[in-house]
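Some notes on the structure that comes next.
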Amino acid sequence: MSTQTDNTSNTPSNDPSPKKGATGWVILAFFIIGFGFSLLSGWVGFPKLLYKEVPHPIDFNHALHMDLVYDGCDSCHYFRKDGSFSGSPTLDECRDCHGFVMGINENEEKFAEEYVLEDKEVPWNNYAKQPDCVYFSHAPHVKGAEMDCATCHGDIGESESLRPYQENRLTGYSRDIWGWNMSRLGEPEYAPRMKMMDCVNCHVEQTDSKGNCFQCHK
Amino acid sequence: MKIDRRCFLSLAGGLVAGHLLSPVPWKVTDDLSIWTQNWPWTPVPETGPVAWKETVCTMCPGGCGIKVRMIKDRVIKIEGSEDYPINRGSLCPLGYSSIQYLYGPSRVTSPMKRTGERGSGKFEPVSWDEAISEVSGKLDALRKNGQSHTVACISGSDKGTVPLLFKRFLEAYGSPNFIRTPSGQDAHETAAYLAQGHSDKNVGFDLENATFILSFGCGLLDGGGAPGYQFSTYSRFDRRHTLVQVEPRLSNTAAKAKKWLAAKPGTEGALALGLARVIIENGLYNRNFIENHSFGFEDWTDDNGAIHMGFKRMVSEYTPSRVAGITGLEARQIESLARDFARAQKPVAVCGYNECRAVADIDKTLAVHALNALVGNINQSGGMIVFPDPEYTVSPVEKDRIASTGLTKPRADMAGTDKYPQSRYLLNLLPDILMSAKESDLPVQALLVTGANPVYTLEDSTTAQAAFAKIPFIVSFSSFMDETAQYADIILPDHHFLEGYRDVPPPEGVGKPITGLSKPVVSPRYDTRNTGDTIIDIARKMGGSISNSFPWDGYEAFLKEALKDQYRDLSRNGYVENVEKPAALDVAFATDSGKYEFYPTRRHTTGNGDEAKLPGFKETDVPGKETSGGVILIAYKSPRIASGAVANPPFMTKTIDADMLKKEKLFIQINPETAGKLNLKQGDEAVIETSAGKASVKVDLYDGIMPGLAAMPAGLGHTAYSRYIAGKGVNVNALLQPVADPTYGINKAWGIRAQLKKA
Amino acid sequence: MEKIPSHTKKRHFGMVIDLDKCTGCASCMVACYSENNISFRDEESVKMLSTNWIQVFKLTNGKPFPDTEVCYLPKPCMQCDGKHFGHSPCVSVCPAVATDFDYPTGIVSQIYTRCFGCRYCMAACPYHARKFNWWDPVWPADMEKYLSPDVSPRMRGVVEKCTFCYHRFQRARQQAYNEGRPEDIREDEYQTACTQACPSNAITFGDLDNPDHAVYKLKNSRYAFRLLERLNTNPSVYYLSTREWVHRAADNYLEHEQPAFSEEQQA
Amino acid sequence: MTTPAIPEGVKRCGSRQFLLWLGVAALVVLWGVYAMYRIWFYGLNQTNMNNAYGFALWIWADLAVIALGGGAFFSGFLAYIIGLKNVKNIINFAVILGVVCYTSALLILGLDVGQPLRGWFIFWHANVHSMLTEVAFCLSVYLGVLIIEFIPVLLENPKIQKVRFFHHLSHNMHEIMAVFAATGVFLSFFHQGSLGGVPGVLYGRPFAFREGLFVWPWTFFLFTWSAAAVGPLFTASMCRLTEAITRKKLVKDDVYHLLAKISGWMLLTYIIAKSIDTIYWATVTAPSMGFALMDFYSNNPLYNIWILVAEIAVCGFLPALILITRKGRENKKLLFGAAILAIIGLLINRWVMVLQVMAAPLMPFQEEWFMYSPAWTEVATSILPIAYGIILISLAYRYLPLFPQEKELNPGN
């Protein structure tokens, strides 16, 4: 955008008497102020507005549990007989070990008192939760393509404490889906991003096809 | 430094440019569309482990085995069970839709006490204790007043352990008034009694093994009777099977039949006799059966030396040409049908069941039974099977003086009285009896209703409603807010069948005595109780001998005791077959002659002649005045409309064709020829009026209906349940009127004269 | 890029409906409602506002009483292969690829979250197989409890249609993967809800290109035909009828023309 | 010293009278806006559309306004590419009319889709095989072009001209307008055609389906052609209407005569092509699918065979013949009578190609025609563009020097 200020002869007849206007630099400064403000609010302020932090009901210690179980991730996140995936364990499954307050730590006590004894399912936050329109089956990925849990879920299995969970106020999605970096540039922060194109890219790479709509949608 | 307009323009430019390079517009656009993809008001079904559970459907008496797909504690889908011997995988639309009764606005969610006018649907929830105390209090007061015989129970079935508990309760309480709703069973029971001498037996047809089914108006594929059994039989039909349908209207069954014979309604008996004559004349009957196991085929002489006319001589008058004249068919058709039937490998003739109405023409039924006897298929594979009711082993009832006195009183519905000595239940007569009785000595002072919706299903339902309104105290045991529940003073809601135990007695008309067990697949969703438990609770509350007659902790304990050995198999397999084989012919008949009686010697008649006893054809009077330009209204069954005690759920209503129901208007089917005479066109608004009532309808021209008739589907026009069910079409029962058989009391009117006029 | 992923087997699912068997009972419709979370309203009699993925029509031969005949015709989405393979009438017009031809199965997909409700596909479909969500779906009282997580409930403003119960295919595949036999799915492992529900076994479903499947033989029967075949939509749904008038009622013919079946009958 | 907002040398009505005039139109707009609220808030159940009529009044209105708005591109084509100077005397008006028509079309499309917030999917997830995608792309780009063409006209307002930047901008834009006009013409040829392609490709709908050239059915070309033929007639008629309302001569008669002559010949060739197309379709295309011509015409008043006679003979050949004869086009009554007939013909054509396609039953066992009448919400939102157009044109007429010949023709002021 440029401002043409050359004074030619065909100035409109009703032009007001020429006054000295603002200089180009001032105008540019205004432009930069506006530009900078928008950039800053968009890149820094907007994400704070868009996402809300959702506290975890229990600060689960994966590392601690991994030491206690025999079968790695499969011990609690397993395939059912029909090939469906169990996801987060239910209270009944936790109860096998957590029947009563063991007093190991604050989290364990909270878990036992607020959930086990109250017979209430834990509303776990699911970082990788996909919307209802997505059909995702673990079986072809884990059993068919022999992928590791960490390929998609990162190193959550080794963590001692749950990393923060944020929810998109508009869509209800976990922030992991879009990725924590608003620009979606660079390596993902915790675990691979999970927007549709992220799935598609991998499918193209691995199967030479982006697949078909119904393969992943219901 | 000067700041002017251009600076602000520049600032705005900067803001816009920066904005475009920030994530805001793009992310908001994207997220807004994602928001529309996840609107919070569009439900997201929860996932979880899947489980399949087997049980038996009790939405109708058909007794189909089902498997229920569960996710956690939610019922997701119902499908037919392949291993269940009745339906073998088939299931009707009502079975599939029954989840819409487990969930949904039609449920009665807790005991209720009426607060508004009868039928207004105004109730307040009360506790079980309060509700049961109220009922037992009322019943106790009547009993103390010497009026125990004025308590009646209307039940949708008289088989199974829950009706057994009600019968037991009435017995201990002192009332003879256990009344089963009218059904196809009425005429068959009577015919089985007259021809075979059994008083407590079931008549079924082994359709699955038959090769030639001659159906006199049975809606085998119209959703009546035991639909799962009938559909699964039909699904296994191949080229060797033949279905012939005799019916004045091209029903779904007729459409699928190899041959559709549109005999005039009410003349089926004559057709059966005509066929019998051709069979006998051509020697196509089963000689062994006729010679060794039948009585009254030929003329016979009684103990007094009087000669009586035999069946053979009686039917000799039914020549094909005469029958053609009566039925409107061609003589040629009758002759060839008779030959095909008699020559078929396993022929069977059926009638009565699965018709849309319980029309009990004793003569017709006897004639059809006789056809089966002629081809010797009684108790044979693929034939007409007679088997006993399931036996229950429970201790005898303890009766006090009041009970014993009460039980000797005549029944309120006049069944078993001098007038109708051979009838068991005559609910169809009750409304008129109540209407003509004085308030002070109303024969029914308290009414218990279970598994039935008589306010809706009784013919001439307007009169029935008025009659029920007179009853001072009505208790409903319905799970749903049906029309009768709306008339009740107290509702003691039963579980949905997926929530509780219940034995499922052998379905009417099915050729094998299979008892099923309906088991809970989900825990009760609402404050409901199994009706078996409720009746035990009421009995307990009443104390004394009544309480003593109900020593069980609850219904399940009673069920186990009543079913004894069968219970284990039932709970393991889901069903038991009660008897291995039907009785052999030499022990099959309990008549005086010990044989199948073509001449029913026991028949109760007004006259004494052979004509009256033998099942000759008598024209039935159609109620109503004959007028020029009139039509005869008949009701028909559609497989897409539940017309029994339970209304059709929203899923089924959704399947109803646009030429059957449009907005709140029901279509009446008439032949284009009839329409021409009445000056009606397709889709015209019209008014149909009978002596029972009047309704506005739309006209549907259908070539498949006999000229002069008008047909309306049964099962619409509900006024209760929920807005998804009520207010759609007309209840055809409100336009029909029963005509009592002079000697048996059961309804024998197949239609009613009506005026159909353009609105 | 290939139309079919390297690890996927090519199949061509289709249906053969025996009209001589169909009794018009509507069990298929109801089973479909239940299987596919199809919403309902208190008013369903205006059929062009009612959502049905399969609908049973009643055909009559037009002859007067008592020579009248009736035939019931269930009509799911025809899953057309299109004039050119993969270019189904609806697929080629969708501006946003919300509906697509699924090459590995021959099923026309419909993605409700992609659809923005322009309804061009409905204008393109001669079978009226596609239904628009005019209203927000509402399940009264606690009826949401019976919704199946296998099929996503549709929001207002999008088009939906029969998917040949694709989720059942997914279910079968998942099981196969779990049992270490990926892509090896038996005929009986994947059957649509309507096929399974039909109490008179009028519907047969399977891979039209697989000689081991029942549909392969049935579709080549001389009694087989397809609906509006002359439009070149190439439906994957076949019908069987031994009645000449039914063949005639299933397509349009000029006065002097007649269905191939009739010519065969006369010959 | 204040600059008058009204262009120099022309006379306009008093502001009270003007506001009253605007107010009446604004009321109609408000009615439409209320309908828009109902539709966006409660969904398309507020309309009378159904599963048989997925396309209905709105799509017809869309096709109609775009075809009529075609005056903008074809006058642009004549003025800038062919170089008919005389047409420039009406080009500003044509552009404004175009802006009105195209913005209205987009607004109606925004209402018509079930999920407006996902509307951008048509660009982002485009299916290049879909005619609608082509329509959407060309339509939005062309609307951009129209707005660019409109800007210099807007900048002609004396108050705006006072700002030097805008003054120069308008001057420079005028110079490069030919480039935009050319782009616009190209885009228009395409999207007018794509709109014709919308019904033409529906091979499942024998009433609409046409064979064609490569991927384009004959309707593609017929739609472009008819829009080019009738669009300028619409511009001329609206111009004449403005003259009648303002009781002023705004454009010289020779402009009208020139447009009429061109349109007349365009219309004649179009209607001949359309007749050939119809005959081919009726005798070859449709019969191959088992349909005789009369299968498509019902005995109900709406979809009667007379609709075809009206479209081709009464509203096609008749106006074309009037317009190509000098006597015909130089008689004002005949000229505008013919123009109105031609416009009606175009509206009928678009109506038939949308509504009748939906109405005709396809399955022999479904004899009933699908009938439809629009709901008030559809009518209100379809009338809204007219009121909105009146407002925009009134404002433009009042404050912009739309008609270069006005001063000359009304020297009294």
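First chain written, first letter: the chains are A, B, C and D, and each begins at residue 1.
FYI, a residue touches a chain if its C-beta (ideal position, glycine included) is under 8 Å from a C-beta of that chain, and two chains touch if they have at least 3 such contacts.
Source: prediction; values computed, not measured.
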The chains touching both subunit B and subunit C are A, D
Could you tell me which chain lies farthest from subunit D when each chain's centre is the average position of its Cα atoms? B
Once you count every C-beta pair in contact for both, which comes out on top, A-C or C-D? C-D
Round to the nearest whole Å and give the separation of the Cα centres of subunit C and subunit D. 40
Starting from the mean Cα coordinates of subunit A and subunit D, work out the distance between those two points in Å. 47
Distance-wise, how many Å sit between the C-alpha centres of subunit B and subunit D, to the nearest whole number? 63
Which residue numbers or ranges of subunit A touch two or more of the other chains? 3, 82, 84, 131-133
In subunit D, what residues contact two or more other chains? 115, 118, 121
Can you tell me which residues of subunit C touch two or more of the remaining chains? 46, 97, 113-114, 136, 152-153, 155-157
Sort out for me which residues of subunit C touch subunit D in the complex. 46, 48-49, 57, 59, 73, 83, 87, 89, 92-98, 114-120, 122-128, 130-136, 155-159, 227-228, 230-233, 248-255, 257
Complex contact set, residues of subunit D against subunit B: 115, 117-118, 120-121
Of all residues in subunit A, those that touch subunit C in their complex: 79, 81-84, 131-133, 135, 137, 139-140, 143-144, 203-204, 207-215, 217-218
Can you list the residues on subunit C that touch subunit A in the complex? 1-8, 97, 100, 102-105, 107, 109, 111-114, 150-153, 163, 166-167, 170-171, 173-180, 182
Contact residues on subunit D for subunit C in the complex? 43-45, 49-55, 112-116, 118-119, 121-122, 125-127, 129-133, 136, 198-199, 201-206, 287-292, 295, 357-358, 362-366, 370
